[in-house]
Amino acid sequence: MSEGEGKKAPYTLPIGPTHPALKEPVMFTFQMEGETIKDVDFAPGQTHRGIEWMGMRRNPVQIVHLTDRICGICGVVHTLSFCLAVEQIAEIEVPERADYIRVIVHELERVQSHLLWAGVAAHELGFDSLLHLTWRVREQAMDVIENITGNRVNYGIVQVGGVRRDITPEQHPLIEECLTTYEGLLSSLLDLFLDDRSIHMRCRDRGILTYDDAVHLCTVGPTSRASGVNMDLRQDYPYAAYGDLDVRAILPDQYAGETRGDVYDRIVVRLLEVGQSCGIIRQCLSEMPAGEITAEPKIAKLLAVCKKAHGEAIGRVEAPRGECLHYVRMDGKESPTSWKVKASSYSNLMSWIPMLRGEQIADIPIIVASIDPCLSCTDRVAVIRGGRRNILTKEELHRLSVEATRRLQA
Amino acid sequence: MIGSWELALIVLSAVIVTVYGIVVGLFLLGIDRKLAAHMQARVGPPIRQPFIDLRKLLIKENVVPDNAIAWIFNLAPVVALASSIVILLYLPIGSIYPPLGAYGDLILVMYLLTIPALCMVAGGFASGSPYASIGAQREMVTMIAYEFPLAIVVVAVAWRLAAAGIQDPFTLGSIAAHPIWSVAGPLGIVGGLLLLLVMAAVTPAELSRIPFDTQEAETELAGGLLVEYSGKNLAMFSLSQGVKTLVMAAIVVAIFIPWNISSLVLLPEGVALVADLLFFLGKVILVMFFSVSLVRVAMARFQINQVVSVFWIYLGLIGLVGLLLLMADAALPAAGVII
Amino acid sequence: MKLTRSFNRSLWAFHFNSGSCNGCEIEIVAVITPRYDPERFGIKLVGTPRHADVLIITGPVVKKMKDRLLRVYAQIPEPKVVMCVGTCGISGGVFYDSYNLEGPVDEVIPVDVYVPGCPPRPEAIIHGVVTALTKLERLQEGKP
Amino acid sequence: MTGTILTPEEVVDRFSAKFGTGIQEASIREKREGKKKIPHYTIWIELDRELLRPAIQALIEIRYPHLSVIAGNDLGDSIRLVYIFSIQYGEIRSEYMVTLAVTLPKDDLFVPTISDLIPGAVFGEREKQEFFGVTVTGIPDGRRLFLPRDFPEGVYPWRRDETGIPDSMIRDLWASKRPTDRPAPPVEEKEACEIEGGEEKPAEPRGKGEEEGSQ
Amino acid sequence: MSSLPMIPELLRQLMRKPATNLFPAKYLPPSVTEFLHSVASGKAHLTPPVKTPPKFRGKIEYQKDGCIGCGLCVKVCPSHAIELLPETKRIRIWVDQCIFCSQCTDMCPKGGLRMTDEFLLATEDRYEENLIVE
């Protein structure tokens, strides 16, 4: 065809850990033939901070804020599943109102996270206008979240035993307004994403994950639902207030009439879930019971209760990216003896390999993004220790600082 | 032989055209960014932003990577810019006859158009970065892809003009003087519109803009061809990008919308010149808006094989239909059929 | 090399994640979207350090990322500005003790402007840019 | 997605019937939340190492399980691995968690791989190899997952014994460049109050005793 | 245009006002320093940032008069930002370390800690006076 395509010798293409296609650090090694991917290998763990290890040295109240920062996008889900586990060990009964507030914040997070993802996916396709559009409308959800929790990201609203802030009646109209906007926007968003010829060309039948692969590789969340696996903790294993609400998993055949397990189906699932979340929040707002918002408002007392607790438990929630699981074991000390975080992306990363095989370089960004990877979640555990020698000595650091001053004054 | 007086005139006009090309090219980039920003509900940069960016790039350090072939790496941007400016010398600007119009025609322009692209390919390969190499390969593929429909457009227009008995149908001067719309009949006008569509699609590819910017794809190749360029060299490339934008828009204007104010309204000579220039600028901005700004914000990027199939299959077919329509248009009246 | 005002008005930024939680990443992307749009100040995000003037770093420096951070820093052509966004890059923040962190960003490369916040609001990041500009202007006037 | 839906008791009964005394302990824990207090269940099973694979086979016979994660504890002289599954997903409100825990003595640290039964387990098994020093026999891909190639041999970050992270590897980021000689601002003379709780140095939340006690 | 549904949307937006909040000014003033000076002296107008909600978690404020030096805030602080000063039995908060979680303000038995609206904290020196609350 041309000189470029004619060269078919296999070669290796490394991508990462810092590459514009990857919003987070991960190291890929592709075996290429021309523009086609023959094989893939990847090394996560570029952002390990050893969070679990830190957690095993801190008390539950501190850990709650640490879990918030396992991942900036899925702030509430990690905290929630950690709290669910600790509450189970310490036998703390969470007030019903707190369950509802947890669900509301949880679903608001899902709305903003899916919109965020949609924008990022559009950006990976080179469709910046859609990035700007989705992120523009996302700001309304961010405003509501900021209003409820006091911060745009890292909400810090969930605490062991309940929630830290109530949703007051004055905030209801604000949330309602936001929901109305999104419900109105949804059909046009679906049009913009799913009817667009150029998106269709890039996403249909790209990065296919079959039903069997999805099950065998233990994928979770929208990634597995897009492959037709009926799996949603909110329906299967109702936690918090989801038992009272009638949630059903969203599968792509509800929109397109068929399931192909490709990137397109993942867009379908996520966009439809935005609408679903709006419905859930609406229902929660109208059915929210009155009462306390926390089982133990006195933090000092809460710490004492946690210190006495013995046992192990699992907290599990359906994060925007899929199942998020925290295993906690406490042995009557201030800090837990074991804490294992399983972020949703941890389960989904393996699915990259069947998805990417046989695709093109151009598809890498969108396929990698299509599982909505959250590597800071996944990487939290492992330790990256002294990989290489410390290249920078003190003198060099000094030299760099001197240069820094000079280069600005020059 | 060229007389010395004539040579001096050409040199003088070349200098003027260079300055004009650079200023207007950057101005076009500024307008493009502003329009795109507005369409995305943003305020966007001030229109003079490309000038500021250029000034900044010129004071920045110019890094040549260790594993690059330095002379090609440094030469490529200069040649790219120079060749884009040279093309301008063959294009009519407003009612001004191109300074080199007598020495080259549309075929030459077509060849010249490949030089900036080839420079980017050479620069990309010389950078010694895998991303730049992939970008360079893609640039070549893209170039081969869009040359075919572009050739159809040029040939079709020139052929129709020749069939109408116009002298030198390939020179831009005569194409501009005899708009295809006034020469062709109704069938030909339909054909011409199809060719205009093809030309509008070739323009973003030539300028490596979305959806045909596979060679620079930021999210895939981190800037692709230009990944290793910085400072002065990058400034040259961005300048040639601006000039090329003007060139492509001017070619579309010359082939398809060549009218001038002065040919429609009687104006004093100086005023007419200015009016034509402004009108020309308006046409260029219009062409750029529809075929670059709007398209680039309204579409996703194609894959490289999709780029090839779009140009060879879809646009190639559309171009051929346009060509056939123009031929039929010329043949039918000649055969005595009145439509 | 004389720094001119045109440098201040055309800051191209390269974003580097040295081990952050993504919160700051999101807010940085949020900054470039229509509601905040720093392109009106000539700021844009670029995909390669070679094109960049500003290095935006988020997160404490994970051991594995330290070398890459140094390499990216070296790849940015002079003159350059380093902005550290988010508490954990500034001081470790919630990750204040660990065995796999190399330390706050300023232990690895010199930082010009710090933007505290966890994560900072988008306006705070814009304010960080304004702070960087005042620093540049001060240096251009020859004051320390 | 078809098949009978089992209650958690039935699941436990199946296991005890099949493996008898190999099951050291089996319990069902229930949790109810929300207004309607709809329950969800976690089944905890402690079993012998030899029964791990047959038990997973038994799970697959019930319904192909979803492996969430493999967690672990360091119990002092042994490592306990907790395989966390969920079964019957897709059935409205009938999903249960099933955790299979095996205890491995530290002088005989190995566990058979389950990745031929559940391909997605490779990730977790690779992780357990590097973090607990557990040998997974028969693992198809035994490379390190998160740790770099030149990570010191014999250091396992999640162990709480001498093979854990040594103090020399810990770095206090908060202390970086912080001025230490800053004088305390003067206070208007009032009654200086007692420090509650009698903590000597509360500015140092990592209590030493607690750290040693946990090792 | 049914295959490119974005085009009508874009053209509509072209006619509308941008959604941008013009903080701190529409374009960059010729000199930022001078602009900030004239804002300070009331000569120029600065577009404020998007309004913060009522219970926004901004920079911390400390009333040291009521403080009893109980150290509870130090105990719950997840980011080691609070230091107890043994000489005066008061605390010092290193804002460069603070993660704005508001846990200490919830905890304080005397209500001496409060989150303010201030969030524009960018600085050239992370240990400058403005970022040490004591």
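Letters A, B, C, D and E name the chains as they come in the text, with residue numbers starting at 1 for each one.
Definition applied: contacts are C-beta pairs under 8 Å (C-beta built on N, C-alpha and C of every residue); 3 or more make two chains touch, one makes a residue touch a chain.
Fair warning: this is a prediction, and the values are worked out from it, not measured in the lab.
Mind listing the chains that sit against subunit C and also against subunit D?
Touches both subunit C and subunit D: A, E.
Going by the stated contact rule, which chains contact subunit C and subunit E alike?
Output, common partners of subunit C and subunit E: A, B, D.
Using the mean of all protein Cα atoms as the middle point, what chain has its own Cα mean nearest that point?
A
In angstrom, rounded to a whole number, how far apart do the mean CA points of subunit A and subunit D lie?
21
On a C-alpha centroid basis, what's the spacing between subunit D and subunit E, in Å?
Result: the chain centres lie 38 Å from each other.
Between subunit A and subunit B, what is the gap in Å from one C-alpha centre to the other?
44
Report the inter-centroid distance (CA atoms only) between subunit A and subunit C in whole Å.
Comparing mean C-alpha positions, subunit C is 24 Å from subunit A.
Please output the residue numbers of subunit B that touch at least 2 other chains, ranges allowed.
Those would be 37, 39-44, 46, 218-219, 222, 297-299.
Tell me, which residues of subunit D touch at least two other chains?
148, 157, 165, 169, 174, 177, 205-206
Mind pulling the subunit E residues that touch 2 or more other chains?
4, 6, 10, 18-20, 26-27, 50, 72, 75, 77-80, 94, 97, 99-101, in rising order.
According to the definition already given, which pairs of chains are in contact?
Final set of chain pairs in contact is A-B, A-C, A-D, A-E, B-C, B-E, C-D, C-E, D-E.
Please output the residues of subunit A touching subunit E within their complex, sorted ascending.
Subunit A residues touching subunit E: 58-59, 61-66, 68-69, 127, 129-130, 133, 136, 143, 146-147, 150-151, 154, 156, 164-165, 188, 191-192, 195-198, 299-300, 303.
For a test of understanding, state which residues of subunit D touch subunit C in their complex under the given definition.
148, 157, 165, 169-174, 176-177, 206
Along subunit E, where are the residues that touch subunit D in the complex?
Listed in rising order, the residues are 64-65, 68-72, 74-75, 77, 79-85, 87-90, 92, 94, 97, 127, 132, 134.
Would you pull the subunit A residues touching subunit C in the complex into a rising list?
Residues 17-18, 20, 23-25, 45-51, 53-54, 57, 65-66, 69-73, 75, 116, 119-120, 131-132, 135-136, 139, 142, 151-154, 374, 376, 383-388, 390-392, 397, 400-401, 403-404, 407-410.
Along subunit D, where are the residues that touch subunit A in the complex?
1, 29, 31-38, 40, 42, 64, 66-69, 71-74, 82, 84, 86, 88-97, 99, 118-123, 127, 130-131, 145-148, 150-152, 155, 157-158, 160, 165, 169, 205-207, 210-211, 213-214
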